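Have a look at these structures, which come just after this line.
Each of the two complexes below includes chain A, the first together with chain B, the second together with chain C.
Right after this comes the complex of A and B.
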């Protein structure tokens, strides 16, 4: 089973929030979708799951369009961030009511798993959503995502508001579920470094475009930070893919991506360091990214 | 019944419960101090209270549907088609059940007048649906118009409730008079409702097609 979007565009006014994005999500992987605020992550995920209409382009699941397609939607779950602040909205709904409604729409809903997760997270099911803290709201979205048992499950900022213990617990649960079922998870997150060990593939999005889709480990392994005197650095990285550089006086630092067989040119007085996913992300999407 | 419609069926029964509860409260308010000989007359007013209670519940929930329930069900994986037909099923269900309950009460008490009153009761319910939905649509696009419409509705409701609180049997007489007067214009009312329903359904369908989910 594959979820494919081709040449997807979403326009608001004159701005392309999602700008000609093509992407293939395969079954049995954990994807991380990372990008700065306003990069178009939630808009893209909303279109992948037919929650928002597209301006142009197509989204298909196993060749069938997902838009208005019950069969396709049965395999998709987009557990979005809950913003509940008003008594009149979804916020006036109790946790148990929200979970019951979710159970109506997901054909493979695992009520027993939902009950266990509610107990594990100590969620007050009789409380209204608007009375919950941000962390507890995140837990509700996690319960819906995991209990939905949908083949493609998408979580938008699932760890927002969770403390470090709960974040660890979430990633453990996610990996257990992944190992047991082979479902595909797409996790949109800002807390990159913690998630790096969990994400098999990483999708980096910037200003509505996909910058890269790569195996997380391979991407991190290919990235180096080269620093030293500006002229040495320039000479050492000549001909390589430099995605970011910064100059401080006569010193310079550059982030480069090495293709198979490539290496930093020897013979120059530079320091070469491996970097983590967060630094890779900053190098690609930061202010001075090339 | 498909999974996509379970939500709407659940809200159908909840709305009917709210309508029945509102009718019970209004009935009790007008029934205070009534003698045994007047009980039958007071009972004959029950269908009006039931229709008024259900119409209020319908109007408010149809309004809320555009703001809350549509985005909610779409976020949980409903198709827009299911949301449209589910909403229609919900409204038809509430109108049908309330109308049947009213008919069941009216038949033994006022069988002679039933065909004058009953079409008006149904028409009031139908107007409640379309008005609530049109208000919700208006609120989405032009908040001011939506709020204005909501204020007018609440002012009318406030007037009715005041009658119940202070009017006693007078409220029932006013109701009888009002419904008899409306009965003379039932065909015109029916045509007006049909036009408003066509407008509502077209706009709802269009709005759903372009709806973006935000919770």
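Right after this comes the complex of A and C.
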């Protein structure tokens, strides 16, 4: 099974929140979607799961359009932050009522798993959603995502509001479920370093466009930070893919991506350091990035 | 002053080593002003007290000195001082570890010397 979008556009006013995005999500992988606030992550994810109509472009699951297509939607789960601001909406629902609703919606719902997770998270099932803390609301969305058993499960900011212990618990549960079923997960998060080792593929989104889709380890392994005297750094990285650089007086630092077989040119007095995914991301999408 | 901080070592030590390396590379020249504690704090997103600790370490060693009301400057002879300090540390940080691993692998002294000779040529 493959979830494919091609030339996807979503326009709000005069702005393309999602700007001609094409992407193929394969079965059995954990993807990470990272991007700054307003990059278009949630808009993209909601269109992938037919929660939001597209302006143009297509989304298909195994060749079938997902929009208003029950057969395709049975395999998709989009778990996003719950909006409980109003008494009238979902906020007045009790946790157990909300979970019951989810069990009707998802044909492969695993009630036993949901019960186990509710117990593990110590969720107060009789409380209304609007009475829950931000962290507990995140846990409810995680329960729904995991128990949905949908082949393609998308979690938008699942760890927002969770403390560090719960975040680790979440990633362990995710890996457990992944190992047992081989479902596809797409996770968006701003806490990049904590997710880095869990993500097989990372999708970097910036200003409505996808900058990169890469194997996380390969991307990180190919990145180097080179610093020293400006002329030495320039000479050492000549001909390489420089993604970002900054000069301060006589010194310079440059983030480069090495293609297979490439190396920093030897013979110059420069410091070469590995960098982590978070720093790769900042170099690509930060204020000074071009 | 463009290196990235890592988690492998105390931040203040990394700050002082970065300044030293910049002096060795003649990015910072003797009698030249070095970035202030607050500038370092901002650039590396670290607490100013941590940056100050790194700077003070170099002041104690006579590599930097303070001009009252102006800031920190590279002392005359600082480069030579850092060179001789790093040469002394070279034995401890590199040679001792090299010999230890060579011993573990059963590489004899003669073999090791031959390896170095080949590599350096």
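The rule is simple: the second predicted complex is superposed on the first by the 290 of 290 C-alpha atoms of A that agree within 3 Å, B and C clash if a C-alpha of one lies under 4 Å from a C-alpha of the other, contacts with A are read in each partner's own complex, and residues count from 1 in each chain.
Everything that follows uses one rule, which is that contacts are C-beta pairs under 8 Å (C-beta built on N, C-alpha and C of every residue); 3 or more make two chains touch, one makes a residue touch a chain.
Note that the coordinates shown come from a computational prediction; the quantities given were computed from them, not determined experimentally.
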Do chain B and chain C fit side by side on chain A after the overlay, or clash? fit
In the overlay, work out which of chain B or chain C sits against more residues of chain A. B
Can A:84 be said to touch chain B (first), chain C (second), both, or neither? first
Taking the superposition as given, does A:279 touch the first partner, chain B, the second, chain C, both, or neither? second
Once the structures are superposed on A, label A:269 by its partner contacts, choosing first (chain B), second (chain C), both or neither. second
Scan A:229 for contacts with chain B and chain C and give back first, second, both or neither. second
To make sure I follow: the centres are taken over C-alpha atoms, the vertex is chain A, the ends are chain B and chain C. What is that angle to the nearest 10 degrees? 150
Output check: A:253 vs chain B and chain C. Expected answer is one of first, second, both, neither. What do you get? second
Just chain B (first), just chain C (second), both, or neither: which does A:56 touch? neither
For A:68 in the superposed arrangement: first (chain B), second (chain C), both or neither? first
If you've got the overlay open, could you tell me the nearest Cα approach between chain B and chain C in whole angstrom? 36
Considering only the defined contacts, which chain A positions touch chain C in the complex? 225, 227-229, 232, 246, 248-253, 269, 271, 273, 275, 279
In the complex of these two chains, what residues of chain C are touching chain A? 1-4, 6, 21-22, 25-27
For the complex, which residues does chain B have touching chain A? 2-4, 6-7, 10, 64, 67-68, 71-82, 209-215
Inside the complex, what are the residues of chain A that reach chain B? 46, 49-53, 68-70, 73-74, 76-78, 80-84, 88-90, 101-102, 104-107
